[in-house]
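Here come two complexes built around chain A, the first alongside chain B, the second alongside chain C.
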Partner chain A sequence: MIAPAELRLPRRGVPHVLTFLGGRLLGGVAALLAASVLIFAGVEVLPGSPASAVLGRNASPAAVRILTHRMRLDRPAYVRYSDWLAGFVHGSLGDSAVALAQGTTHAPIWPLISGSLKNSAILAAIAALLMIPFSLGLGALAAVRAGRPTDHLISLGSLAGVSVPEFVIGSLLVALFFVGLHLLPPVAIVPPGADPLSHPKQLVLPVLTLLFASLAGGIRMVRAGTFEVLQMEYVQAARLNGLSERRVLLRYALRNALAPSVQVLAQNLQYLVGGVIVVEAVFAYPGIGSQLVNAVQVRDVTVVQSVAMLIAVVYVLINLFADLIVILLVPKLREPA
Partner chain B sequence: MTDRQQPPFEDDRDERISRARFLKGAAGAAGGLGLVPLLSGFGDTAFAATTGSSASPRRGGTLRVGYVGGGTAETISPTLAVTPIDEGRVQSIFDPLVLLNADLSRSPGLALEWNPNKSATEYEVKLRPGVTFHNGKPLDAADVIYSIRMMAKPTSAALPFVSGINLHELKVVNKTTLRIPLKFPDADLAANFVYYNTWIVQNGETNFAHPVGTGPFKFGSFTPGQQSIFTRNHNYWGHGGPYVDALKIVSISDPTARLNALLSGQIDAMAQLSYAQAKAHQATGDVNVLVAHAPQVLMFYMDTTKPPFNDNRVRLAMKLIADRPALIQDAISGFGTVGNDIVGKGLAFYDNSIPQRTQDIAKAKSLLKAAGKEGLKVVLQTSDVIPGFVESATLLAQQAAAAGVTIKLQQVPASSYFNPSLQYLKMPFAETQWPPSSLKFFYLQALASNAPYNETHWHSSSFNSLLFKAIGELNHAKAQSYWNQVQQIQWQQGGYLSWTNADFVDALAKKVNGLKPSAAGILGNHRFQDAWLAA
Partner chain C sequence: MTHRLRFLRTTSGAAGCVIVLFVLLVAVLGPYVAPHASTQPIGAPFSGPSGGAPLGTDFLGRDVLSRLLFGGRSVIGLAAAATALAYLVGLTIGLVAGYSRTIADPLLMRTVDVMLAFPPLLFLLVLIAGAGSSVGVLVLGVAIIQAPSISRIVRTATLEVAVRGYVEAAVARGERAAAVISREVLPNILAPVLVDAGLRFTYSILIIASVNFLGLGLQPPDSDWARMIGENRAYISLNSLAVVAPAAMIAILTIGVNLTGDAIARSLGRSYVPRTIRSVST
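Here is the complex of A and B:
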């Protein structure tokens, strides 16, 4: 009687997780395809033509003609789109449009942006590593102390964090730590090729800015989730059984409150990726965000396309990762339907 | 606003280059032989900065300079250089044939003599002997000829400066002498070789991966969009500097971040302080604000072929409506000198005898009445592409109301405003900025019969022949009288309303000495060989 059931469970359980993950994976690929179409089309509909946009003040008919040929814009859009996408999948991001306009014949984008990508990854990773425990800890603390001064302080602080944009937070932090206290440098100029981690002091303000901006939403969600769980019957039952509040919180409440929080934390991670762009500009940090802003300013459309697509990939990867964590946390998802 | 100089006569090339690139282009440049003294309007150039003590220069240290970055578009090649950060690099590694001084006068650079034939159609140029490149090779005539040919390439920003040269007939006379034949008479060829796009590279240089020049600093490293490093050239031919051991040029695009970097001591000098920042820090005095009166002119322009501006009375009325001092005060925080509807204040041949035009609403009204244009309504197309444009347009609209003229503003995206395949040259009433380097280049680019950037759609064959007489006249007094006629015509009838010559505004840390305000370029025309750091 028992044996068949035990045999059945894993057989039907594993495929369920796989279908779930498979579905998410397919969804991710579809989202990326949609993003790629939008990114490609965004450049296509630039006023005039992409070649004219890149040339700007120098867009004489002859120059536009030459660059149109160099950027291979004389081929139909669907051919260029599929070539671009195929190149992207194979790790070839194409040539910088501005370099082509300057007369260079071969100017691959990847070497131009790989260093910046690494710098941004380091910045975002530090912020993320700090954001996750802080969100969980402060959120849970506020829930446990619901209605008390600690809760009010945390809730009010996070509300402020949600409402103030990064560049304002950044400026306030500069005003406080540089202008006021002379403790920290107001810009993070990392020499090319150098490891940002070897300039820890310069990283403090960018990381803090990112942290403040991304922490707030997470704290509020974790607080709400934990608060809700703490009102559940099984938690009450555990309490009535005489378990310590600490054990109730850690063993019973938090684990179940975590699942919805993971999704929020994932969203915050994605927000970090976007926030990095603004924060890098404010602190002159040589990352992918600065690279993107510069590329937009000099109208290097191919670099803009590649960076935008890379950011889309990061978004989707974070989502998939979050889904995986949720499956690990919520037993129900691992069981047969 | 690009600027290829459509070669005035034959030649059918169709490549253009950015006017931004040649902006202050051929500044200065007086006589072919000795250097004719200039009528500089900037002799009194403001030393707003208390630039250091009079102590003797100190050797050593690294000078770190922050500029607006250009991302992937940054380059080290003189002929591709476009933005100030490129300019700073080029002027550190290389040298010009002719030096442009802070007051827009000129001194010999790599060339000592410019000797034209009687018709000013061929020059013999004598080079400075004993100059060597960073790799030890002596500078010779072949390097200069190679550089000129590079300037003439289709993607070159220097094209307007060499399009009058007969490239096939360039000749080496001996090691330090070359012959430059021209397609049309030009009494002041030296004027073409001051601008950074025309600085001299070594014969055979192609990709600039390890550029070698004759300049005050040697190449160290270069990462586009981030930073470049240079070291002191111990064998520099110039007098005095360089004093610092190394020069580091850093890209910081955000203006606040750039200023923060200066205030925190992470850089020692910053290019392009915003007007608001300049006001604030002139007051606090925590950095030295470097202000230089310069000929970079901000103008409104009217299409002289389109109604209502095809009637000169309307154009004159618009020029009389403008309250220039108020525009300067409110649109660019007072960082400019008053414009007089002609271009090139401070440059050779600028006509200082023309009276300054001032606001005269009554006269403007009577002109409009005579033209049957009372209660005139016009559209002014503006853009935030250059600081001061939108502000000045808004103010002009307010000033026009007093004369019964309604100016409706229309914002054009920055990316289209100067793009000739989009909006540029298609707007009947709009704004522009020119940093001319010589009268010759501005007029060839903007007002000659086949000028590529003819913003006012000015077409006049008599004006055109007068212009080329002025350009080709070797007798200085005669040339000046031709130039005066050219400028008087523009002042009376032209489509330009120039309201200011805007200042260059930069900032230096207190310990930086030796960099002086220069009408020739920002940051003391990037002369880092003059800079030294106090202990």
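Here is the complex of A and C:
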């Protein structure tokens, strides 16, 4: 068994991996810091104080004054920003602004969102686990059948998936599977505290929507990679040696087509983090996306800030993780420039 | 057929163009041919299709067909406005940065990196939480999201063109920088910029429509395809056409734009990266 050179892990070059990752880590932290400023400023700097945003247009000046005090908005913005950030780093997300406005003195955000965070993680994880084999399988299938109807069908389907907004895909799926075929429930309501996995039927449509929207990039990348590799001499040699087409594809072609696809797959994982926001809202699934949309609706600015920051952290972590995998798979990046 | 329209010879390019033209016609001319007003009830809610209302009525008893005919303007108009604003800013910064070859590049790269640190929709939602939902926030927010990556693309294209002989000749003739940029540089980076603009237009549609669907953008009783889906989504079993018809319009519009963009990109001999639509990368 001759492994292509690119796939053998070299024994040297580890220090370079570390510098590369260290650089990426620093870059990630810097990006997050800048993102935190944007998230904080996005809510605070715009006209009108957050307190009057929470209370609405018809609030009495007295009520605004009380909430301003409760939200401790009477301190300078930079002090509040650094307090907020320090609290976030220590895992204390502050109080819900709307709860404070309703007269509660202590309304920590974390218990409010931890359950939905778990639900969202489950939904995204199922979609991610299905996404990888489907991208590989459909991409390879399209490459093997290049130019034939199967290829065209997969290409057109993935173009549609990448073009059409998630809420349109989701609504059309509901029209088909609920109104048309009476097969699946139109919403994915899971009782508070219940495990979403114990309601598998509810999860089918949200997962399908996420899959449809996220598969296209991966499929295109895998198709292009596999198609190119299938033309190479070592693949021809393997064929001439009498190996079965299946073995040629799985052991020789697909492995080498994989490396460039990893980045795209990682981007798709990142996409899932954003995609769940809308998809959860479409299916009323009790996750962090639904919670965020609700918080925006009632203008609970502190919840919006904290959830946005949490999502940004996950987003950047996935990117770092993808960099790590890519650098392990593509030796070229390991060599000093 | 000139070489510029070569993409129309491909099946996907021609089909994409026909689809986009059709949806544009519906959006622009629709309000003039709509049988009813878009905001007045004409009968009982959730009536099925009938002679007076071929697509039935919505959750308030308004004519779905009329709302459909009125509802395309905002989908296309807002996205076009946001894309145009993003380009105005991005193009200016990119041209100046690329032509003057200053230290603007690291700065642009970092700005784009920051924009990539969270999902674009999230940024828009944060803005709406702070400033409230309005058309201005939608357009401005989407423009802010897109401008950094546009300026980066424009800058790269400008750098390439700025060292060509005809630009150096113009500089040697003593023309002012503004004249060189607008007469020599801009026309020569137009092709890649146009393809990019098409992609960003679909992306603007995608994100603005999502916000409108969530009920955080345009407010009732405005008619908008995305809003129609959001409003009638809970009653999909009563008159599914009220959801399916606007969903189909958005679906064919976005697919049409992408088919066209795909065909143009291929005819320019570059690979088409569909990811740019969902994640505004590089």
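Simple rule for what comes next: the second predicted complex is superposed on the first by the 290 of 337 C-alpha atoms of A that agree within 3 Å, B and C clash if a C-alpha of one lies under 4 Å from a C-alpha of the other, contacts with A are read in each partner's own complex, and residues count from 1 in each chain.
Here is the rule we go by: contacts are C-beta pairs under 8 Å (C-beta built on N, C-alpha and C of every residue); 3 or more make two chains touch, one makes a residue touch a chain.
In this text, all values refer to a predicted model and were calculated from it rather than measured experimentally.
**Q** So if we stack both complexes on chain A, do chain B and chain C clash, or do they fit?
**A** After superposition on chain A, which the two structures share, chain B runs into chain C.
**Q** Where does A:Ile327 make contact in the superposed view: on chain B (first), on chain C (second), on both, or on neither?
**A** neither
**Q** Classify the contacts of A:Val64 with the two partner chains as first (chain B alone), second (chain C alone), both, or neither.
**A** first
**Q** In the overlay, answer first, second, both or neither for which of chain B and chain C A:Leu310 touches.
**A** A:Leu310 sits against neither chain B nor chain C.
**Q** Using the touch definition from the top, say if A:Arg299 reaches chain B (first), chain C (second), both or neither.
**A** both
**Q** Applying the touch criterion given at the start, work out whether A:Val98 contacts chain B, chain C, both or neither, answering first, second, both or neither.
**A** In the superposition, A:Val98 contacts chain B only.
**Q** Of the partners chain B and chain C, which touch A:Ala127 in the superposed model: first, second, both, neither?
**A** A:Ala127 contacts neither chain B nor chain C.
**Q** Looking at A:Leu112, would you say it contacts chain B, chain C, both, or neither? Reply first, second, both or neither.
**A** In the superposed model, A:Leu112 contacts chain B only, not chain C.
**Q** Of chain B and chain C, which one touches more residues of chain A?
**A** Looking at chain A, the partner in contact with more of its residues is C.
**Q** With both complexes overlaid on chain A, does A:Val229 touch chain B (first), chain C (second), both or neither?
**A** Neither partner.
**Q** Contact-wise, after the overlay, does A:Ala281 reach chain B, chain C, both or neither (first, second, both, neither)?
**A** In the superposition, A:Ala281 contacts both chain B and chain C.
**Q** After the overlay on chain A, which stretch of chain B ends up in the same space as chain C: 273-281, 363-371, 399-407 or 453-461?
**A** The stretch that clashes with chain C is 273-281.
**Q** Enumerate the residues of chain A that count as touching chain B in its complex and touching chain C in the other.
**A** 47-48, 53, 171, 174, 178, 186, 281-282, 293, 295, 297, 299-300
**Q** Sort out for me which residues of chain A touch chain B in the complex.
**A** 47-49, 52-53, 55-64, 66, 96, 98-99, 101-103, 107, 112, 171, 174, 178, 185-187, 189, 191-193, 281-284, 286, 290-291, 293-295, 297-300, 303
**Q** Quick check on the complex: what are the chain C residues that touch chain A?
**A** It is residues 110, 113-114, 116-123, 125-132, 202, 205-206, 209-210, 213-216, 226, 229-230, 233, 236-237, 240, 243-244, 247-248, 250-251, 254-255, 257-259, 262, 271, 274-275, 277-279, 281 of chain C that touch chain A.
**Q** In the complex of these two chains, what residues of chain A are touching chain C?
**A** Per the stated touch rule, the residues are 27-28, 30-32, 34-35, 38-39, 42-48, 50, 53, 158-160, 162-168, 171-172, 174-175, 178-179, 186, 213, 216-217, 220, 224, 264, 267, 270-271, 273-274, 277-278, 281-282, 292-293, 295-297, 299-301, 304-305, 308, 311-312, 315-316, 319.
**Q** Looking at the complex, which residues from chain B come into contact with chain A?
**A** It is residues 1-2, 4, 14-20, 69-73, 75, 80, 153-155, 221, 223-227, 250-254, 256-258, 260-261, 263-264, 266-267, 413, 415-416, 418-422, 424, 452 of chain B that touch chain A.
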